[in-house]
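For reference, the structures are reproduced in the following blocks.
Next come two complexes, and both contain subunit A; in the first it sits with subunit B, in the second with subunit C.
== the complex of A and B ==
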């Protein structure tokens, strides 16, 4: 599989009144053509800022991409002019946002919002674009599409709005779709409808998909490869099966242990990760997970570990794992 | 078992009127948020209530606490029907019925310190004052895993998980017998959720409090609950012992809900078959005829749109309201 997107050492910061928030600190990942990867992490770990940085949608002027590269088929997106970037967004990389209500324009009809990019990127005429919009709405399973294109976002339910978002995201047949917590705002039964839809469409059209989520179950169901982010960096990544069955980073294993599972006998007590995620204005020195880690070595307090390959395709950044210890692994 | 019942809910219904007109409000329709729900909770027991948004689970919680006055039905606590009591008669009982809300950001007064927040119930409902008061605050903070020196801090100085601990401490202040936990975890991160789950577990063991645990997360409900009720569009669809309902769910809705929960293990997920329900939850203003679930039900047959299934014991205490089971036929 050839690489579609290669993000290297991305660093994004926000300058606020209280200080500099180091939201992303050297995140790297790759997506191959037609591949689905997941970025998993808790709120504030930088997973959304990473995706927004790739699309250069970071709020200006307080937000700044300090360094790094994001190579799409060899072109560095971070070096493109605003004009060139506009040709990428929607056309080659598109995004499905978390909150369909706040990401759709409330005063424009669904049809107008959909045709805008069809006219811009695919150079369609008005009539042609409207016909295409109706087709797309049918594709994502919106009943009576001919009538519904004239409706406004508030006429749609949450699940239906997210379907509209999906239709918009795929309308220009992009190479890469980024879905940022696409189902956090909806119920479980709607969640499976939407995720099955996203999977079906991206598979069929051969698109790559980055699924950003905090839900470990969703990752297990839909992604082949997974990146675990903590405090603005990737602490572990590899094939989903390997990461879930043999987590090499204590944070990953802590996350997996802290969720109750439906398929296992009920446990008496859960094993939570003690403490809280760090304040990203002053992230800890050394390993970012060190203050919450039960296995920390003296070295962890001073030196930051870099990702190393510990098993085929399975990388982690943890001094304890490097030393050969994996006390947290289930047998 | 009967004398161990803390609270009993019989045929509870809550309809919200939809009015039109500016001066002469006319009732044009009703939202049947909760429609004929019954259950009982025993001492030291947790009843989990699951369902999707809009199914009426929060309304049930609020009706039980008399934060909403029910349209009809009974809430029996200490031999009295709370629905028949006025505010003055309710006040002494309210101290024994507490609540932990969903959003620890909205449910704490930003101008109150932690001590004010936890102390308010004590100020109103007890005569603990002075140094005893301070000692009790420190004790409560300690019980929920916060340090006593944090008493003078304001909510914004706490993290989400710590704020939820404050919410729990406030609910505990008057040593209640029963706490409604309304989605207490949904605003928290995964690693923090487990901390609060363990806290609620420990408090139950220590004080024998009964919980009504309202959540949309089926894995968490299984972990927390002794018995589980599944709601859909204001009705109880299934109610049973936890292991029974998770091992052999009877209602097609429960089966679909369970299969929709992804399991954090790629090897398991690969082999699993997901039941994807078609359509969305219909409007409770105009609910479907017969069984409210029938338009989305993969197993629906003709009678489902005509007959209203009754929640009845289908064997060994496993109650279900579905026409697939003879016991549910009206």
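== the complex of A and C ==
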């Protein structure tokens, strides 16, 4: 598979009144054409900022992409002019946001919010765009699409709005869809339906998909490869099943232990990862996870581990794992 | 929609009735009466006047008579300008106040809203600081101070406009600006805050993520949402402006209804007090109705039922 998106050493910072927040610190990852990858991590680990940085949509003027590259088919998105970047958004890379309740404009009809993009990127006329919007709504499973296209967002439930967001995201047949925690704000019962829908459509249309989530359970089912982010960098990545069954980083193992499981006997309380995510104004020296790590070696306090391939396609950045021990592994 | 308007109009009738009753009570509770003069009138004269105007009758009977007449369109006569009916006095002053108020309202909208929008678009720029300073100065300056300043600068020093009077465009300009300053400052502040608030919303990020141009994002997505709070305050502001201002009308000798209103209270002119209060309530009720209808046109989340 050829590479569609290649992000290298992305660094994004936010200049706030209290200081500089180092949200993303040298994150790298690749997405092949038609591939689904997942980016996993706790709140505040920089996964959303990473995806917004690729689209250059981080809040201005506080947010700033300091360095790095984001190559889409070889073109560095971070070096494009504002106008060139604008033509990529929605047309070649689109995004599904976390909050369906607030991500749609309350004073425009669903139809209008869909057609504006079709008119812009696919150069359709008004009638043609409306017909296409209705088709897309049908595709994402909205009943009575002909009628609902004239409705406003407040007429839709959260799950239905997220379906509209999905329809909007795929409407211009982009090469890459970024779904930023698309199911966090909806009912558990709807979550898997929405994920199936996103995965199904992107697969069928040959689009690449970046699924951003904090739920590793989701990852194993939908993504081929997974990147685990911590403190703005990738600490482990590899094939989804390999990472899921043989985590090579204590943080990944902690994430897995904190997910409730239905297929195993109930053992009492879930195991949280002790401690707080690091303060991103002054991230720890050495391994970023070291203050919360139960297995930390003296070396972890001073030297930052770089990603190393420990198994085929499976990389980790952990001194303990490098030494060949993975004490946290499930038996 | 039609049903909604009819229901609102019926409510308005009830509101006017309550306003009339409360005003009637307060008016009679206040010490003094329309016949008080520096030199007291003989008691027999006062008795005769009271009998002539029905003031000798029990309170509720007086109120009943007033309402019956008012429903037939007769608001009675002024107790001070004895030969003129209240309706003719109000209809003489209202067009003057309404003209002045509308001009002031237009100035406030045309200056305040674009200034607020420009300030929000160029946040922390020169335009923004100018707008904030403008809003602070005019929001804190009483209009009689501003009126006098305008007179000193444009009448006394530059001789551009006459200090007072009514009838020509040159006479409208200064009182209109004196009236418009505060609402303009207010509109600028609200527009700016509202724009900044909407710009931070998730759906604006969605709009940008679609690849829309900044101009489309601004016009189609930001402005329409940002104008909702502006319209909310523009309505009462308009009602306040067209019903006249005592201070500005007195200062510039404009023969409007605002002056009448305050004078009628101090003179205990019962007929004129009731007339102006009811007229004021009527005007505000109608303008609020229009604003609510406009509101529904701009914000689809508002429902009329």
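Criterion: the second predicted complex is superposed on the first by the 327 of 331 C-alpha atoms of A that agree within 3 Å, B and C clash if a C-alpha of one lies under 4 Å from a C-alpha of the other, contacts with A are read in each partner's own complex, and residues count from 1 in each chain.
Heads up, the rule we're going with is that contacts are C-beta pairs under 8 Å (C-beta built on N, C-alpha and C of every residue); 3 or more make two chains touch, one makes a residue touch a chain.
Here the structure is a predicted model, which means the values were calculated and not measured.
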Dominant contact partner of subunit A by residue count, subunit C or subunit B: B
First (subunit B), second (subunit C), both or neither touched by A:245: first
Partner chain in contact with A:173 - subunit B first, subunit C second, else both or neither: neither
Which of subunit B and subunit C A:107 touches, first, second, both or neither: second
Which of subunit B and subunit C A:261 touches, first, second, both or neither: first
Which superposed partner A:79 touches (first subunit B, second subunit C, both, neither): neither
Contacts of A:95 with subunit B and subunit C, given as first, second, both or neither: second
Partner chain in contact with A:147 - subunit B first, subunit C second, else both or neither: neither
Partner subunit B, residues of subunit A touching it in the complex: 42-43, 157, 159-160, 187-193, 196, 214-221, 240-241, 244-245, 254-256, 258-263, 266-267, 269-274, 276-277
Of all residues in subunit B, those that touch subunit A in their complex: 52-53, 159, 161, 189-195, 197-198, 201, 216, 218-220, 222-223, 242-243, 246, 256-258, 260-269, 272, 274, 276-278, 280-281
Footprint of subunit A on subunit C - complex, ascending: 201-203, 205-213, 216, 220-221, 224-225, 228, 298-301
Residues of subunit A touching subunit C in the complex: 55, 57, 86-91, 94-95, 97, 99, 102-109, 116-117, 120-121, 152, 154, 165, 168
